[in-house]
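Worksheet for the structure shown next.
As written, the chain order gives the labels A, B and C, with residue 1 at the start of each chain.
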Amino acid sequence: MTIWEKLQAVDRRILYLILAVCVSAGLFITIEIPTDPDPSSRDLYQAIMDIPEGKTVIIQSDWTNSTRGESMGHFENLLRLLMSRNLKFVFYSAADPIAPQVARTTLARIIKERKDEGLYEYQIGEDYIDLGYFANAEATNLNMGIDLRNAWSGKRTKKAGAGEISIWESPVLKDVRKIEDAGMMIVVTASASIDVAVQRLNKKVSIGAMVTGVVGPTVLPFYQAKQVNGVAVGLKGVYDLEYCMANGVNLKDEDGNIKVLNKGGKEYPKITEGKTLARGSKYYGTLHIALILLILAVVLGNVGMAMSRKKPGAKRS
Amino acid sequence: MNFLQGSQYLDTGWFGVFSTLLVVFFILYNIARAKKTGGNLFIRRIAGLNAIDDAIGRATEMGRPILMVPGIGDLDAVSVQAVNIFAQVTKTAAQFATPIKLCCARATVYAVAQEVIRDVYSQQGMSDRYSIDSVQYISDQQFAFAAGVSGIILREKVAAAFLLGAFYAESLIFAETCNSIGAIQVAGSTQSTQTPFFIAACDYVLIGDEFYAASAYLTREPVLVGSLLGQDWAKILMTAYVMLGFLIMSAERLQPLAVQRIDEGGVSRMEPYEGEAKRKTASDTMVHRLFNPLITEEMNTIEREPNPDYEGEEEAANAGGGA
Amino acid sequence: MLQFLAQATPPETNFWQQAPGTTGLILGVVGAFIIGMLLFFGLSTIPTQFRRYIIVGFTFLAGLVFVLQYLWPRPINADFEKELPRNAVEGFGAWLGVAIDPVAKTANILAAFLLGLGIFSLMRVHINKIRRRAQDWGFSLILIVSSVIMAIFGFWDWNMRQFNDPEALLTSQENWKFANYVNDALFDGMYQQMDAAMFSMIAFFILSAAYRAFRIRSVEATVMMASALILMLNLMGALTFMWSGWINGLVESTGNQFLTNFDLTVVAGWLRANMQIPAIRAIEFGVGLGALAMGLRLWLGLEKGGVSS
């Protein structure tokens, strides 16, 4: 057996070991990698920055810890971005009963992070509302489009100093009668729940999507048709958004360079309070290593196949 | 039509509703037509479906079970279709006394699948071959389900696996686990995101709507064959729409802008354009209006009597706080 | 009947909603549970030949609400909480809008009943395994013990947060009690981590699947591999940044704007917009039509065999 034939039949456990070692090593190196954000991620940043002051944002958080490598970064970026703009928000889940708890934990962490930095501490009932889980995404989104007050009727929120109040009395939702009154709806998801939201609600509210790399391709047709106003896809999307937050869009830095360029577009400021480069930058180097490894494996597999074919009398597979 | 004044197919305009009804007509008409001819209409060969018999045969030879997974979606058209295909697979498996394992991630799908599979065995007169463990509920948590099914694949050393339905990230876990023990795999997902994974890892893959064509192909039931033909007519209609839309839109956008569409505060109107000469933009075209109907001022300002039950903003908010 | 389904009035008079903690709510839940169980067992005693009619009838009625909701003309900017419908068409539309919620919730209630059936099946399989001391019965024991512990602490924690914490003090970890700590250790410390571990295994499977699948065997396979390679390279920010710097340099030095087409982001964007998205759209058209046809056959009870028999 030549080395090339051995390469053809390499034990998958060896591949797994190499991957595990390389990926783990990557997590210890945090560097700011210059990038060229995807237009879809840049559009999402711009859409969020364009939400008018005082409008409430609806977040449909449909991710769980299994996809936290991507989705947690998305959700954290979204929270930091909304909080830096002082926008109020409502969050709920329509895809997984576990999702609200995962979102709550992440939100609590971001609030604490901001508190430690001496920034404004978001309060439940005052600045945000936690609606919990709605079974049946299809019916939930449909009802929200027909009559938001009916779809969320009977929901209550806790509020410091006031006990439990109706969500419609809270400052977060007092100006929202129908879904059209919301500033934007952002779906953070690892599943097809974004499809349902687009089908039921895209004519009524501006929709943004933060999805995993796997779900990304199915959202791009909606983005191309302008039914979704921006999509951050996968880990690259997480980093793209962080990069936009740190550098603005069409914004000149001290040296007069524009790091995120949108030809013909207007200028968007960068985020000046709180963290900007966070989870995305931490994981982005690892993504590079994993991809290089994957490409190497594919190239080696092919070279091995080609060389073993060249050998006289070699069996063709 | 006075009673429809101010009403509008707001979401889609009339065009979407009209097209949906046309597609429904195509399907029902072809079902009626197929019933007359006894379902004797041509369906092209689908490789993934021819493999079903081979897979069952192999499992029978090896004396090992067949695994069937209807995805992790709720009880809907997708999982019902998957269970329908599994009923056909079970029919053949029952005749050869090959054991089956059907693993469900949703209790609703489990309840339906259990009934269907039991019926299949009793219709074949082989109720004794049906075991209550044949259809199993595992967990409705995605990765708990993935772990459970992977365990079954490895412990029972399944010979063939049918992965048909709505799959997400667990698709590759199943496919590669099956691959590691040399099981033959027939897969198909309506989630286009998972099809690439299945293609990379499985022996046979049903792409897109081949999944829905499967039961027509396997049973040749007139209703199913007719419906399949209706779907094909609908596809021709869709293709025609795309081509026509492309041509009309392109032609329209070459024209100079004379009447402009203005959308303001939920009201839209067409206004003569008198500025510098330019071409129409996408939103000024007729094709755009088909999908985004004009909402005129009159529609927005229809007088209605006040609701006597309405208690005003504050009271309504307080009253809203129920269970 | 119509007014009964669509009750948008405040909770005191609303059949569908009762205030939390009231006797009315508890009575309602208990009553609904008993009626549900009676219906459940009553329906299962119906002879097989009549079942089909009942199933088809129920399916048609349930589907009808959603079909009408889609087709019924809806007035623009009417708020039927504040205003009265002008005529019967608007009145029925308003009723449909309110009725859709209870109808959709019925599906959830049915699913909840069936979940009980699913858990029963799971327990039966594993208890039998333990009783028979079948191979690997220890795992079955772990499964049963962990589900019971998780249910106890999950409910305990939920009960504390839901009913005994009006000021939302438990959102901060400093105020946690025993049950909250245990629930957090079980849910976040164990379950979530195992869930994530299961998901991350996909990375290994992708590597081995790609290693097998991406081989230059034919023209098609080569095209697939080349496009996959471009998209993978495009995910590497460092590379796209360097590449576009290099292309921009070339454009500046040669003055040839055509070269910008070879920017990695542009090539990847072109592949996505002109190859990937249209293909996905076409597949989705087919899948959508398939689902429509399937839904139509189920709704009208046209299918024979399989699920409909």
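Structural remarks
Rule of thumb we're sticking to: contacts are C-beta pairs under 8 Å (C-beta built on N, C-alpha and C of every residue); 3 or more make two chains touch, one makes a residue touch a chain.
Just so it is clear, the model here is predicted, and its values are computed rather than measured.
With centres defined by CA atoms alone, the chain at the far end from chain A is B.
Here A-B and B-C are compared, and the pair linked by more C-beta contacts is B-C. Comparing chain C-alpha centroids with the centroid of the full set of protein C-alpha atoms picks out C as the closest.
With centres defined as mean CA coordinates, chain C is found 18 Å away from chain A.
Inter-chain spacing, taken between the CA centroids of chain A and chain B, is 26 Å. The centroid of the Cα atoms in chain B and the matching centroid in chain C are 14 Å apart. The set of chain A residues that touch two or more partner chains comprises 12, 64, 66-67, 136, 149, 153-154, 217-218. For chain B, the set of residues touching two or more other chains reads 10, 74, 141-143, 169, 192, 266, 316, 320-323.
Counting partner chains per residue, chain C has residues 11, 17, 81, 111, 195, 198-199, 206, 208, 210, 212, 280, 284 touching two or more of them.
Taken in their complex, chain B has these residues touching chain A: 10-11, 74, 141-143, 166, 168-169, 180, 191-194, 266, 292, 316-318, 320-323.
Touching chain A in their complex are the following residues of chain C: 8, 11, 17, 69, 79, 81, 97-98, 100-101, 104-105, 107-108, 111, 165-168, 171-172, 187-188, 192-193, 195-196, 198-200, 203-204, 206-208, 210-212, 214-216, 225, 229, 232-233, 235-241, 244, 265, 269, 272-273, 276-277, 280-281, 284.
Considering their complex, residues 3-4, 6-10, 17, 20, 23-24, 27-28, 31, 74-75, 77-78, 80-81, 83-84, 87-88, 104, 106-108, 110-112, 114, 116, 119, 132-133, 135-144, 146-147, 151, 155, 169, 172-173, 175-176, 190, 192, 195, 197, 199-201, 207-209, 211-213, 215, 219, 221, 223-224, 227-228, 230-231, 234-235, 238, 266, 295, 299-300, 302, 304-311, 316, 319-323 of chain B touch chain C. In the complex of the two chains, the chain A residues touching chain B come out as 12, 64, 66-67, 98, 136, 145, 149, 153-154, 156, 165-169, 174, 180, 190-192, 203, 214-215, 217-218.
The touching residues of chain C, when paired with chain B in their complex, are 9-12, 14, 17-20, 25, 70-71, 73-78, 80-90, 93, 110-111, 114-119, 121-122, 124-125, 135-136, 139, 194-195, 198-199, 201-202, 205-206, 208-210, 212-213, 280, 282-287, 289-298, 302-307, 309.
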